[in-house]
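There are two complexes below, and they share subunit A, which is joined by subunit B in the first and by subunit C in the second.
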Partner chain A sequence: MTDANVRQVVIDWLDDNVHFGEAESLITDDEMSFLDHGILTSLGFVQLIVHLEDTFRIKLERKDLTRENFDSLAKIVKYVTAHPGYRATA
Partner chain B sequence: MSLAGVEMVFFLPVLLLLYWIGPRRIGWQNPLLLLASILFFASWTPRLLPILAISILVDWILGRALDAAPEDANPTPRRRLLFGTSLAFNLCLLGFFKYAGFFAASLNDLFTAMGLPPSLPVLRLVLPIGISYWTLSKLAYVADVYWGRLRACRSLLTFALHASFFPQLIAGPIVRGQELLPQWSRPRHLTPSLVAGGASAFLLGFALKAWAADWLGMAIATPIFSEPLIYSRGARWIGLLAYAGQIFGDFAGYSFLAIGVGRFFGVELPLNFRYPFLSRSLPELWTRWHITLNRWLFDYIYGPLTTGESFFRGRFELGFLVVFLASGLWHGAQWTFVLWGLLHGLGLVVHFRWDAFYKSRCRRDRKWVAVRRGAPYAVSAWVITQLFFVLTLIPFRTPTLAAAGEYFRLLFVRGGHVGLPIGDLESLANFLAIAAFLLGYHVLELDRLRGLRDRVLGLPAPVRGIALGLVIVFFLIFVPVGLGTFIYAEF
Partner chain C sequence: MIARGPVVWTPDPAAARNCRLAAFRAFAAARVGRPLDGDDLDTWARTEWRDFWTAFLAWADPLRDGADSPACNGDEIATARFFPGLRLNYAENVLREIPEAEDRPAVIAADETGARVELTRRELRRRVIATARGLRRLGLVPGDRVVAVANHDADTIVAALATTALGATWSSVAPDLGTEAVLARFAPLAPRLLFASRGTQQHGRVVDLEERVSALRAGLPSLEQVVRLGRGEPAPPAPGDEPDLPALADEGDWSWPRLPFDHPLFILFSSGTTGPPKGIVHGAGGTLLEHLKEHLLHEDLGPADRLLFQTTAGWMMWNWQLSALATGAAIVLREGSVSFPEPDSLWRFVYEERVSVFGTSPAFLRYTEEIGLVPRDRFVLERLRVIQSTGSALAEEQFEWVRDSVKPIPVHSISGGTDIVGCFVLGHPERSVRAGESPSLSLGLDVRALDPAGTRCAPGDAGELVCANPFPSLPVGLVNDPDGVRFRRAYFEGFPEVWTHGDHAVFFDDGGARILGRSDGILNVRGVRIGPAEITRIVDRFEGVRESMAIEQRAPREPGGSRLVLLVVMAENVALERPLVLKIKKTLRDEASPNHVPAVVHAVAALPVTRNGKRSERAARDAANGDIVANESALANPECLGAIREIAPERPG
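The block that comes next holds the complex of A and B.
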């Protein structure tokens, strides 16, 4: 899998669960903060994390579950693709 | 001594003078603030000062030990033990002071119902002031060190100040190590923006607490909740709305006072309330009301519970019930608070299911997406959310479950002949002015009106100065200082 796959998984999840097909148009910049721009709430984060873990069969470290790692599309893609579990299965 | 009390008129200026005339070094500023915090705590419960000191010492030692313990992908048994010790220590301390009497009384009631003699002694202990707040703050610190999100604080003095900083000691905001610890490690400097930001937060907090909350409580909510039978149905509804205004003013007011006082010392505390009466869903409400408690509950209970490997993984609805039962119990050792928590947990479950149902409709037909974005949906969602929130304040206010049920029933039946407890023109003017203030505070945050508010706030400094001066004169003349109590300080 590639960075584009991870990005698409996140977009699909947002489309299916939060923004109904408009996530791509709402996220004008991959660096855009999800929390500051109302793309996702902290409750949504919890569900997205479970979805990412189940989809990519990885276990996210509790210490890594911070705004610095998950507050934008770019950050999520960077974190997931750098995860040892992801690289092992990619 | 409280932030809106008479004593603060003497305490705060003296402390600020000492703080700012002294050297701008943490070696002067931190010990002075710690000493002030000790005095502040001692002004409430002096005999329980050792409890606070011991609990700070224990968590500081455990934090340092966690930092020294080797970190691995999975927590080692040693790290688990250290974290578990802190968890057990803090929960036992909180449980002993806050819940021992409640559980003993509840078990005695159960024994009586079973025909057995009530045999457990019911302790009525004096609570160390703010124990519910500083316990959560310290637990967050130890959890963050355990999870590797924060390095342990090396200085006991700094950690003691972090845990006991007096503006946030008795009613929050509940701060995290990441927010406050870095601020203690650098000297604070006095700047005009700091003074202006502090003054505006302080003034807003004072208006919400000493004017709006205290007046609504004393003049409207308390009389009506004390004798609901004699009041008309409309008055009962207004009594409930007044209580909503009171509790918002009380707690948001205290939070703004804390933020303002923090800024006077060059310390930035996190926002605790953000226009909660604009919320259009329960999840949104909990990101606007008592923000620091709810993020604590969601980050340290809900998140680990529903994303961990336990039975709760992915069971998001069950997580809501657990979190809000915990929130209810945190607010008070009474069954009324448990009911309040249960209602909000169930409310979130209903919202979650509705959301899932609505999403399924959106997937089938995109017209539902447009409906959801329309004004009728927004207004309906706002009405339902606010009505639910206000109605669930009944068990928050009443002393027993029976009284809560009775007040709820009385909202829907014909009432007595007494209208609102407003006897004169001055009371009526005060009531209308407070209602306009609370309404305006929220409405000016709406997209369409925010520009107007920003233009007013952007007026030249002398104009704003005169306006604020008039507000202060109004408070000095009409608002009695230090009469009310802080509802949230009792939690």
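The block that comes next holds the complex of A and C.
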């Protein structure tokens, strides 16, 4: 697994569940805030988190589910790839 | 026999003695000349339901003309008519003068940005009357139909009450419903007037509704007038022929027209397993009386309360919370996302607005739990005294979560439906609450569970939920169904002589009840009820798709505990590729609503059909859930179930 894989998993999930093939074109910058630009709602975040946990077989701490960690593509990639469980399976 | 959950809340005996239900119990006992202690009240209300409704009418004492008897003409549920000698006005009763509430807030409405409107009861009544006069000046008369694509805000409350004040019939949908779905609902009503919000907030974005309104103008040839709600945002000023709500106001005297008990009040929409959504017409008297009963007796609402029910203007709970004004309670509205600008925004709002009764859903409570939010650690929810939950079944552990993470207060898991604009099971201020259950059946309704042979189930055994006696909030009819054929087919085909609701339920001998889910093919995803035909009608149009079927699959980790699965049979030599899947999902979102988008799209060789040639959503659902397929022997093609069983729960689509 690489950072690019995590990025693609998030893009695919957004395409499958929220933007239906348009996620890549909507996210013009990996640093772009998901919440501020309507890419994802907080309720959607919960579903994305469940998907990331299932895909990478990791358990994310609920206290870490903050804008600082998850509000952009870059932040999600950084958080997931730094997760001890992810590194163990990567 | 279904095992029961633990008791999670017990009422304080002193508070129970002082509730409105206790006052009504004493009133009714004096009328009948015998004590109605404990469950005796329930038994009397159910078996002597004519006396119950007459007593309740006298106790609640709505403003009315005419005779209080007979309580009901006829014993056949489909044709029984309550209080045929009475005339009343719904809005007059909802806004009746209540001295201690006149100068208190009656409507508190806020949106995602924090913009807040507060109307006292006196001011709300003044605005409603002025708007009703304006509507009358436009030529609206009793019986006309008024429709709305409307936000959950104060303007919509004023528009609905003004419409019903003059005797016109109100029907509303939320702004996120796609144009095709709106037209499928509104076109059969031949409405004369459309109320339309200018825009709607969706998680920090303002979505302009101008294009939607233009399409509705074109698709509803009966429309004579469009009135805009929510001034100035976000669209530029509307053309001169479309006034904003305040521009309709015509201050002056008003006399509330009192109309027959069954006069059409609301038209709500319910999705069947086949065909377009059906328009269900509810009468003014039945709606008012049922809602007064539920709010006053079951939920003990009064002028000291502030009720916030998490809803949109397109769900029957919106109509239900509107009627709460009749008790003198304030209603608290919040438009937009529950989790914007912050994940705890709705809980913060409940705290800041000192909400006493908070109506929500299993999905929202699960979301709160999932993000690790513990409301009691963040907010002092001093005024909060009840949490209501509806839309889908509330899991046992969620009752315990509320007790431990919010507050040790009763959780009322209430359930009923659009079809009866009310509830079959709900709260009870004198009873303990068990995890996973509602503490009471709706007073006056003979609600039962039947087995497939039509025999009453023993307490604790699951069966088909039916109501075996007439009740006032029965629909007065369906739209475009003059001879009642569709009405009878919808509710009276399952078992003779009783109302069959389409839910599976279990009842216990102490009044406890548990709703287990739909017994038919209706989908209930994240608390939103969807007719499968609303989905397949769109999907079957795609080139390469031969036919499709939408089913609900259990998914414990999803908000609401289930997800939508779309089964498609492709034409020969055509594969279901990802671009087509995404196109189907996008089209469903745009033409129906985000709630209509399946989590999973799965190609199968065939859909299960019975030997009579009828498609069986139930067989597909059971197979997808890994359950025993109850009607497998009745299927013509049981071999198709194998592929459906392969859809593992929670697998991404």
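Quick note on the criterion: the second predicted complex is superposed on the first by the 90 of 90 C-alpha atoms of A that agree within 3 Å, B and C clash if a C-alpha of one lies under 4 Å from a C-alpha of the other, contacts with A are read in each partner's own complex, and residues count from 1 in each chain.
The rule is simple: contacts are C-beta pairs under 8 Å (C-beta built on N, C-alpha and C of every residue); 3 or more make two chains touch, one makes a residue touch a chain.
Predicted model, so just to flag it, every value in this text is computed and none were measured.
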{"item": "First, second, both or neither for A:W13, with subunit B first and subunit C second", "value": "second"}
{"item": "Partner chain(s) touched by A:D36 [first = subunit B, second = subunit C, both, neither]", "value": "second"}
{"item": "Partner chain in contact with A:K63 - subunit B first, subunit C second, else both or neither", "value": "both"}
{"item": "Contact residues of subunit A, present in both the subunit B and the subunit C interface", "value": "16-17, 20-22, 41-43, 46-47, 49-50, 62-63, 65"}
{"item": "Sites on subunit B touched by subunit A in the complex", "value": "73, 147-149, 283-284, 287, 295, 298-299, 302-304, 306-307, 313-314, 316, 359, 362-363, 366, 369"}
{"item": "Of subunit A, residues touching subunit B in the complex", "value": "16-17, 20-22, 41-43, 46-47, 49-50, 53, 60-63, 65-66"}
{"item": "Residue numbers on subunit C that touch subunit A, as the complex places them", "value": "202-205, 337-340, 343, 367, 370-372, 557-559, 579, 581-583, 585-586, 589, 597, 599, 650, 652-653"}
{"item": "Contact footprint of subunit C on subunit A as seen in their complex", "value": "13, 15-17, 20-22, 35-36, 38, 41-43, 45-47, 49-51, 54, 62-63, 65"}
